[in-house]
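Only one structure is covered here, and it is reproduced in the block below.
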Amino acid sequence: MPDDDPPGGDLHLVDLSKRFGRVTAVDSVSLTVPQGSYFALLGASGCGKTTTLRMVAGLERPTGGRVLLGDRDLTGLRPYRRPVNTVFQSYALFPHLDVFDNVAFGLRRRGVREVPEQVRRMLALVQLDGYERRRPGQLSGGQQQRVALARALVNRPRVLLLDEPLAALDLTLRRQMQGELKRLQTDLGTTFVHVTHDQEEAMTLADTVAVLHAGRVEQLGAPADLYDHPASAFVATFLGQCNLLAAEAAGTAGDEVAVTAYGLRLAVPADRARADRGAVHLGVRPEKLRLAGTADEVPAGHQQIPAVVTDVTYLGSGTRYLLRTGWGGELSAYTVNDGTGARLPVGAAVLAHWVPRHAFLLPRDPVERAAAPAGEPVGAPG
Amino acid sequence: MTDRSAPSPASHRTPAARPAASVPGGGPGRRRVLPYLLVLPGVAWLVLFFGLPLVQLAAASLYDPTGSLSTGYVFAWAFGNYPDALATYWPHLARSFGYAGLALLLALALGCPLAYAIALRAGRWRNLLLVCVVAPMFTSFLVRTLAWKTILSDQGWLVGLLRDVHLLAPDGRLLATPFAVVLGLTYNFLPLLVLPLYASLERLDRRVLEAATDLYADPLRTFLTVTLPLAKPGLVAGVLLFFIPASGDYINAELLGSPNEYMVGNVIDSAFLVRLDHPQGAALSFLLMAAVLGLVVTLLRHTRGEGSPALDGGAR
Amino acid sequence: MRTPLSRRGPVTLTRRGLITGVLGSALVAAGCGVEGARQDPQDCVTEDRSASEPTLAFSNWPQYLDVDEDDPTKRPTLDDFVARTGIRVTYTEDINDNNEFFGKVRQQLAACRGIDRDLIVLTDWLAARMIGFGWIQQLDPARLPNVRANLLPQLANRSFDPDGRIAVPWQSGLAGLAYNGRVTREVRTVDELLTRPDLKGRVTLLSEMRDTMGLLLQSAGHDPANFTDDQFDAALARLERAVAAGQIRRFTGNDYAPELARGDIAACLAWSGDAIQLAAGDERVRFVAPEEGVLLFSDNLLVPKTATHRANAERLIDHYYDPAVAARLAAYVNYICPVRGAREEMERIDPELAANPLIFPDDALLNRARVFMTLDEEQERRYETAFQRVIGA
């Protein structure tokens, strides 16, 4: 039980796997969640992130691997013996109990003293004082969310697990609750593990994000690292939009990797290359692409590709351009409307250029990518 | 990248304007009459086949007890029939409730885990198990009870086994004992308890059970503090469906018991069919009905409110 | 605008008023009580349409009429009657229990309404009750020559039918003892049944008051055809002691038979017809006619007051008192045959059955047999209530 334990320490998942029949939901996941951090498990639905979370909670028994909290092995423990608590996706509040009894549930099961004081303090923390005698059915979605949080946090868990906690809320409320979650985590110093499919939510809240894909960790790191230097085409496109050019790398020469794409000779800094030979993706984020009318306007040292503007979308804070390259591929570029450049018309011939350090090289499966139209911007828009 | 525009001014938390109460067309008069027209067939049915016989029975319970079938009965407000019947047959009434109560406890002990297992643990076996619970109902009540007579027979394997392991004296028996009657009641009415309980357990949100486990409740605690309270409507329905016919039953006592186990149902049966003492039979019927009704009302009083937020909601 | 509450108000009142009114008037209507069930013969006269309608509706107990061994849809003796007389008989096996049947028809008969049956078969005591209520038609002796000639003398002049012109026995039986020789040694008297320690809890008696009390009276040396209240009370007290001591396991109808066969019951009061069938399955199940006496009962052919085919019914009754027909019936049903001369006919069909004293009892047995006395309603209620109390209901 949490109160008897030494402070939990880091949460380690070691080769954690879960198979349902012939389907592998989680495939040998290993990662470490540092104590006191806000950690996000990010992935599309079906990627195994919720199953991973449920294995940490003990609601799912792993097929293989271990769950450690500090030095303590939690793998075989029943959920009610683990010093972790969960905020469930649809809150799963007890409909027959009022707010107070919902929050007091865990404390009472553990025989904790001073239940009313602790419950009141926690309700104050989630700004629900005065709602003690309401039933869950009489609360709004946001209020239920707070009750679910309070019900879990009042137990002072070593790790708080949040399973898509904001998915049922509308946009405004979600923003607001994101702020509150971050505040609570900072105030309490509890380790939060937050499962979400919303990359923006993950990047807003988390110190560390693990991107899960097909039951495996694609990449783990700080949000900025994931965005600026993704480890795979999946991560590059799942987190924001990205221009990926199919290219061939010819190996490292000095501190650069020389790359050929559609007859163009380009170069990427060696420390930005996750592959330096054979089939690669050259990736540049749309907002890193700048547009120049003539070669003179391209600063020295920039990489460039000639193209024609085919579509212009004005977004207020910025403008999105679609460009067609000489070989028929498409590029996406985004410029900030900071009042400096004029907008380019459709049909204008431009040079798309970028700082070499802003590009990155990813390994490419030549077979897999061969079918895809080359050079199209891929990834989630918006 | 993500659209980071400011939140839209139209706040989602503003409650939508309540639409003004409006009266649909048709006029108030028609609207008031229609619902009553709709219940009319049901009410007529009730009056004809429940209300009138009940009144008839009530009247019969107040007939002059000196009447007889051949000379006729005179309605005489003979309330004395009630204390008379009670004085003579209170042991049978007490036995009815005692046996039905014992059977209920047994059925709860068997039926709660059974319903729980079928609803939450059976997986793909669920339908098969449900059929197994209901299947005995497809044979006649009488046949089922007679089957127990064979199972519990003095010469049967069960009694033989119990005698061999000295759980039963060498000349001991199961038939014609209170045990057999309670067993028969338990068996015969168990599905009536299990089915409503199953229905309400099956509707249970499993995530709520997971939440309880996550909040340090072991399986027993989860069952007692979450599963059971949430299944209460089904449990109450099951208890009533079980207890009401069990307390009025006479077949089990007749077939599995001896004269010392006869319940009030046997007395009513004999009063109407053998002794032709209609006033007493009617009075006993009403006593049984009143006692059962009292129990039902008490039970419903006791269990309402906890499950219904409407009754004690709002700020205190 | 009126609130929902005020809208519902007046309607509720009306509804409650309506219900009160209905219940009240119903109670008043029912409050007049129930008229006596007894019929004055003058009030309920039924025309006999036998001359114009050659039909007959005959209700009987299950397995109480011979069936063709090869074709179970054929009933040879009845088919002969139909062939001989041209009367179409609708035969229904819908009497399973005297009390139940009484409950089914009593309201119609009390109101002089038809029950769609011209001929029914009921046990002595119920026949007596229904005759007492005036619900049964007198028969014409002139149309029953076979009955006059062949009825066993022991069955003539029964108290509920002193002139022998209203109830004709269909089959008769004895109430006596039976025991299962596999689980107990021989039982010879009712006294043993009530007191032998090795039988404790393994004895059943009959829930039919006349049979059980009749045998107890005989066991005490009294005559069930003629006894006093004191004698009855003494016999009942003896029964009560046996019940309280746990000697008696249950009071039964026909359902003692499988239990006796299994051996759950070691010994019991039993009916001779059942005993013959049980003995056919296991010869160690024996019927005993105690020395102190046995009870003779009959199931009687009766023509209800409202039956419209009395003459047709009389022809059928007389048909079954032809010794040759009676023997064929007796060979199937295994009860005591009330027809003299049938035994001689039986010797031609099945000499073994002809020698069975439970089908054709000898004079020694018949002389020990008594018919329970007819009770007036007062006595019936007094005895039945006392008896039911002792047997637990």
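As written, the chains take the letters A, B and C, and residue 1 is the first residue of each chain.
Methods note: a residue touches a chain if its C-beta (ideal position, glycine included) is under 8 Å from a C-beta of that chain, and two chains touch if they have at least 3 such contacts.
Here's who's who by UniProt: A = Spermidine/putrescine ABC transporter ATP-binding protein; C = ABC transporter substrate-binding protein.
Owing to the predicted nature of the structure, the values given are computational and were not obtained by experimental measurement.
Q: Relative to chain A, which chain has the most distant C-alpha mean position?
A: Of all the other chains, the one whose centre lies farthest from chain A is C.
Q: I'd like the most central chain, judged by C-alpha centroids against the all-protein C-alpha centroid.
A: If one averages C-alpha positions chain by chain, the most central is B.
Q: Taking each chain's centre as its mean C-alpha position, how far apart are chain B and chain C in Å?
A: Distance between chain centres: 38 Å.
Q: How many angstrom lie between the centres of chain A and chain B, each centre taken as the mean Cα position?
A: The separation of the two C-alpha centroids amounts to 54 Å.
Q: Using CA atom averages as chain centres, what separation in Å is found between chain A and chain C?
A: A distance of 89 Å separates the two centres.
Q: Which chain B residues qualify as touching chain A in the complex?
A: Residue positions touching the partner: 1-5, 7-8, 11-13, 205, 207-208, 210-218, 221, 225-226, 229-230, 306-307, 309, 313-316.
Q: Spell out the residues on chain A that touch chain B in their complex, using ranges where they run on.
A: Those residues of chain A that touch chain B are 1, 57-59, 78-81, 84-86, 88-90, 92-96, 105-106, 109-110, 130, 133-135, 137-138, 140, 142, 151-152, 155, 170-173, 175, 200, 240-241, 286-287, 315-317, 334, 382.
Q: For a test of understanding, state which residues of chain B touch chain C in their complex under the given definition.
A: Within the complex, chain B contacts chain C at residues 21, 32, 36, 47, 51-52, 55-56, 58-60, 62-64, 67-76, 88, 149-150, 153-155, 171, 173, 175-176, 255, 257-262, 266-267, 269-270, 272-278.
Q: Name, in rising order, each residue of chain C that touches chain B in their complex.
A: 1, 7, 11, 22-23, 26-27, 30-38, 99-100, 102-103, 106, 132-133, 183, 200-202, 243, 246, 248-251, 255, 259, 262-264, 377, 381, 384-385, 388-393
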